[in-house]
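In the two assemblies presented below, subunit A is common to both, partnered first by subunit B and then by subunit C.
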Partner chain A sequence: MIDSLYIAWRYLAFNKARTATLIGCVTLLAVLPLSLDLLLAQSERELRSRAELTPLLLGAKGSALDLVMNGLYFGDEVPELVSMASVSAIDDAGLATPIPLYVRFHAREFPIVGTTIDYVDFRGLEVAQGRLPALLGEAVVGAEVADRLGISAGDSLLSSPETVFDLAGVYPLKMRVTGIMKPSDTPDDRAVFVDVKTTWIVQGLVHGHEDLTRTDDTSVVIERSGANVVASAKLVEYTEITEANIDSFHFHGDPEAYPLTAVVVVPHDDKSATILRGRYLDGETPHQLVVPGEVIDGLLATIFRIKQVLDAVILVVGFATVLALALVFALSIRLRQREIETVFRIGGSRSTIARLLAAEIFIILVASASLSIVVSLIVHHYSGELVRAFFIR
Partner chain B sequence: MIRVESLAFSYAGAEFHLRIPEFSVEAGERVAVIGPSGSGKTTLLNLLAGILVPQEGQIECAGVRVSSLSDCDRRAFRISRIGFVFQDFQLLDYLNVLDNILHPFRISEALRLTRHVRERAAELGRQMGIEDKLHRRVDHLSQGEKQRVALCRALLPSPGLVLADEATGNLDPRNKEHILELLFASIKAHNATLLAVTHDHDLLPHFDRVVDFSNFRSAA
Partner chain C sequence: MKRSSFIVLFYCLFLLLFSLLYFWSSVADAKVRPTVYVVNYPLMYFAQRIAGDHAQVVLPVPEDVDPAFWKPDAAAVERFQHADLILLNGAGYAKWVSRASLPRRKLVDTSAAFHDRYIATEGGATHSHGREGEHSHAGTAFTTWLDFTQAAEQAKSIRDALSRLTPEHKDEFAANYRALESDLLDLDARLSAISSRRPAPPIIASHPVYQYMARRYALDLKSVMWEPDAMPNDAEWKNFVELHQRYPADLMLWEAAPAPDIAERLRKLGVQSTVFNPCGNRPENGDFMSIMNANIEYLQRNFAH
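Showing the complex of A and B:
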């Protein structure tokens, strides 16, 4: 058998392209369903664990899935907005601790998560370097953000404009990075955490500029009437918050009306949770209070139904590939007729040919299996990152 | 060495019929077989080697009645007692020179690939003047070198009988003479018998005897 394996190996090594194609096909056949299973299992684990740790999530009526994906996994799809008043309403009820979330903007490709210090406690996040944000314009970044952008405490980070072509939009805000979070293997690693007010600055709802009551520049001041001053577009807004200009930042309008994407609601007990859920079942309320675990269960049920279809497709493709491989071998026997004739003439038999072909198939299967194991181990090793990078976003 | 009696063979569905009433070759003899194409020269070699089985008659090689052996025994007999040399060398491109020479030992359970066999293969390569090419790919060799490799492969099991089917047919005149010299020297050194099919009448003086095959074939 060793001699047959040797001859088969020489044949396969001589026909490198054909061998590589065959090994590639068989490897794909094994790796595809295996990797799909691994990634789905990882997705399920990641989705469920975070959902189960988040008791309730308040948001505007609309897609519960968008709300959960944005509120828990900082997904790109921004749900309908709610206002700060909804946080006050939960707080006033005395049944739960509300944690506001405003996840709409990005710094580079990472989501800026506007929240309060309660979020850090709620998720059990720890600072690895530096400190948590204490002032407007300060940010603490997740471990992956720090790693990928190569930033550390003391550096700064610019918010990304909502659209490149929005010339009249708000200038990017230069945020000071005060700390780096410890890795948590959750979407928090990919987030830039700021105080919720900082996100409103990013949006332009809160801003700072030179004191118009003290300037005499007529090209800046268009009109003065009592306490009101109308300024021209020449007025430069601050794009960085410093000790010198922090006092000039101010709200326009009612802060209670300021927007949020969601509110994490942490009830004091089961009874409080039930009462709160009952309150938000009312058809006339513009809000919905969802249990993220239930939403994720629904999503996973859909995913697994799709996976069943994918499994069937892979099975059919696999069957077709096996047939194609059998055809390749059958054709190669015809192409190798002269070689087979030589083997017969010098004393080989049909079983010799069968042994040589079996050895070739064996080597291809072993090589494919080894490659599949390596690829699967790589997929398994990086499944968390892959899932967070491609599926949960 | 070879005894053929009342042999009759035909291919199924073909009009070809070969009849040999009597034919013999003595041990150590070098016999050339000539005849027009289709006269059955190659068929005779295949019958002697046990690749084909006659419908009638007896074939005896080196004291073994080949026509009475089972399939398995015929293959073992062929690989251990007969060396085959082909016009187109029939070397395997994907094996290097040494592996081609050792090929019969790798595909048959009747032969054992030992260290001694490897040493003999290298020695045969040296005798044939290809010792520096043993690890080269065969498609990098000249025609003459390829035939030397084929000779080494045929001679490595120390066969008592060497069957050459137009072994010099693809070679230029200079290589033809040289290969024939090497073949005869090896046959003599191994005390083997040679039965060579050839169309080249210039080579006939080198043989002990010439058999004209035109007489053996009969029309249907």
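Showing the complex of A and C:
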């Protein structure tokens, strides 16, 4: 047997390209469904665990999936906006703790999550270095953001403009990084956390500039009439919040009308949750109060239907590949006719030929299996990162 | 071992055991006592009266700074973040709150119950620039507690917040609140009685901080912007004289005793100075009640005069 394996090994080693192709085909055949299963299982775990830890999510009526993907996983699709008044309404009801979320802007490719300190406690996040934001313009970044951008507490981070074509739009805000979060293996690792008021500064709803009632610069003041001052476009709004200018930052209009993408609602108990859900079932209300777990269940059901189709496709492709491999072997036997005749002439039997071919197949299968296990282990190890990088974003 | 040595050793062990027990009980007590951070002294006083020993009430503002205009640094805000409860005055008091990141679930706006009765302050310049259009920075009068019925409402919201925080002491908080409410309503009755004289005599205030008091107690009051320890300049005196001609007040209210030369010059103009301390920060002597009692006595004396 050892002799057969040795001869088969020498043959395979001599025909490197053919051997590599065969091993590659068999490996792919095994790795594809295995990796897909691993990644889907990881997606399901990540989606479910975060959804189950978020009791209720309030947002504007529209796509519940967009709302959940943005509110829980900081997805790029921004849902219809709600206002701060919806947070006050939850507060006034006295049935739950509302946590506002405004996930619309980015710093480099990472989402800026405007919220309150309550979010950190709610998600059980911990600061690894530095401290949480205390003042306007301060940010604390997730572990992955810090790692990828190479920043630490004390550094600065610029917000990215929403669109490069909005030349007259709001200037990027230079945020001071006050801390780095511990890794949590959740989308929070990829987020830049700021106070919700800081996101309104990024949007330009809250801003700071020199005191127009005191300036003597005639090129800044176009007109003074009574108690009103009209400024020109030369008026520079501050793009960084410092101790010296923080007092000049002010709200325009009613802060209750300021926008949010979602509100995490944490009911005091089951009864409060039921009462609240009942209140938002009314067709007249512009809001929807969803249970993220239910929305994610719907999404997973769709994913698993797609997976079934994929499985069928893989099965057909696999069958075709097996047929192709059989053909390759059959053709290789014909090509090796002279070799086989030589084996017969030197006294080899039919069973010897069969043993040699079996040994070749065995070596190819063992090599493919080993490679498949290695690739699967790598996929398994990085499944969290892969899922967060390619699926949940 | 001699008998005397044994007695000494016994006493030492007893003292050690007692100290350990005392330390343990102190630590245990410190652990369960929630920390309540407040933004001004009236709230601190109300919270201390209602909570008694069941909460540690902290006003982190230095004694020589007006809490309404205090600017905390990041470290001070961080201490607020770690509190169990944060009592705000509301009505735009302590503007730093709007520029800080505080946990919403710990915040209690003690004047929210009467937010529809806030008084908008005059004189805010409007300006326009960019695409937002015209807007004003006019504010809200914030010395809400000088209307003692409002102060009682603020105390009530503190009672409710403390009861939510430590429900096991709810009854004690309710009893303490009733005593405080009674004291506040007594102040209200006394001030109402003083100001019931009709027609109300005109009064000038050194600072625009008495709006709620003027509304509640029907005081005919106009304000200037003077500091008790800074002699007004010539222009300010000129404006004052013009105001005094149109508005012949013979009494001026100060947040603190004015410098003698200011008081003397006012007296020459026929204006008597009296102190009505809003007590926004901890007083050097006494407490909120004693300061308010003194305020009312001064006012009573001047009104009688």
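Assume the second predicted complex is superposed on the first by the 393 of 393 C-alpha atoms of A that agree within 3 Å, B and C clash if a C-alpha of one lies under 4 Å from a C-alpha of the other, contacts with A are read in each partner's own complex, and residues count from 1 in each chain.
Rule of thumb we're sticking to: a residue touches a chain if its C-beta (ideal position, glycine included) is under 8 Å from a C-beta of that chain, and two chains touch if they have at least 3 such contacts.
Here the structure is a predicted model, which means the values were calculated and not measured.
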Touched partner set for A:249, first subunit B, second subunit C, both or neither: second
First (subunit B), second (subunit C), both or neither touched by A:15: first
Touching partner for A:346 - first (subunit B), second (subunit C), both, neither: first
Partner chain(s) touched by A:134 [first = subunit B, second = subunit C, both, neither]: second
First (subunit B), second (subunit C), both or neither touched by A:308: neither
Which of subunit B and subunit C A:338 touches, first, second, both or neither: first
Contacts of A:49 with subunit B and subunit C, given as first, second, both or neither: neither
Subunit C versus subunit B, contacts on subunit A by residue: C
Touching partner for A:6 - first (subunit B), second (subunit C), both, neither: first
Overlap of the subunit B and subunit C footprints on subunit A, listed as residue numbers: none
Residue numbers on subunit A that touch subunit C, as the complex places them: 87, 91, 97-100, 116-118, 121, 131-136, 138, 178, 195, 197, 204, 209, 212-213, 227-233, 235, 237, 246-247, 249-253
Contacting residues of subunit A [partner subunit B, same complex]: 3-4, 6-7, 10-11, 13-15, 338-339, 341-349, 352, 356
Subunit B residues within the subunit A interface of the complex: 46, 49, 51, 71-72, 75-76, 78-80, 84, 86, 90, 92-95, 99, 103-108, 110, 113, 153
Residue ranges of subunit C touching subunit A (in the complex, touch as defined): 71, 74-75, 77-78, 81, 95, 98-105, 123-130, 132, 134-135, 137
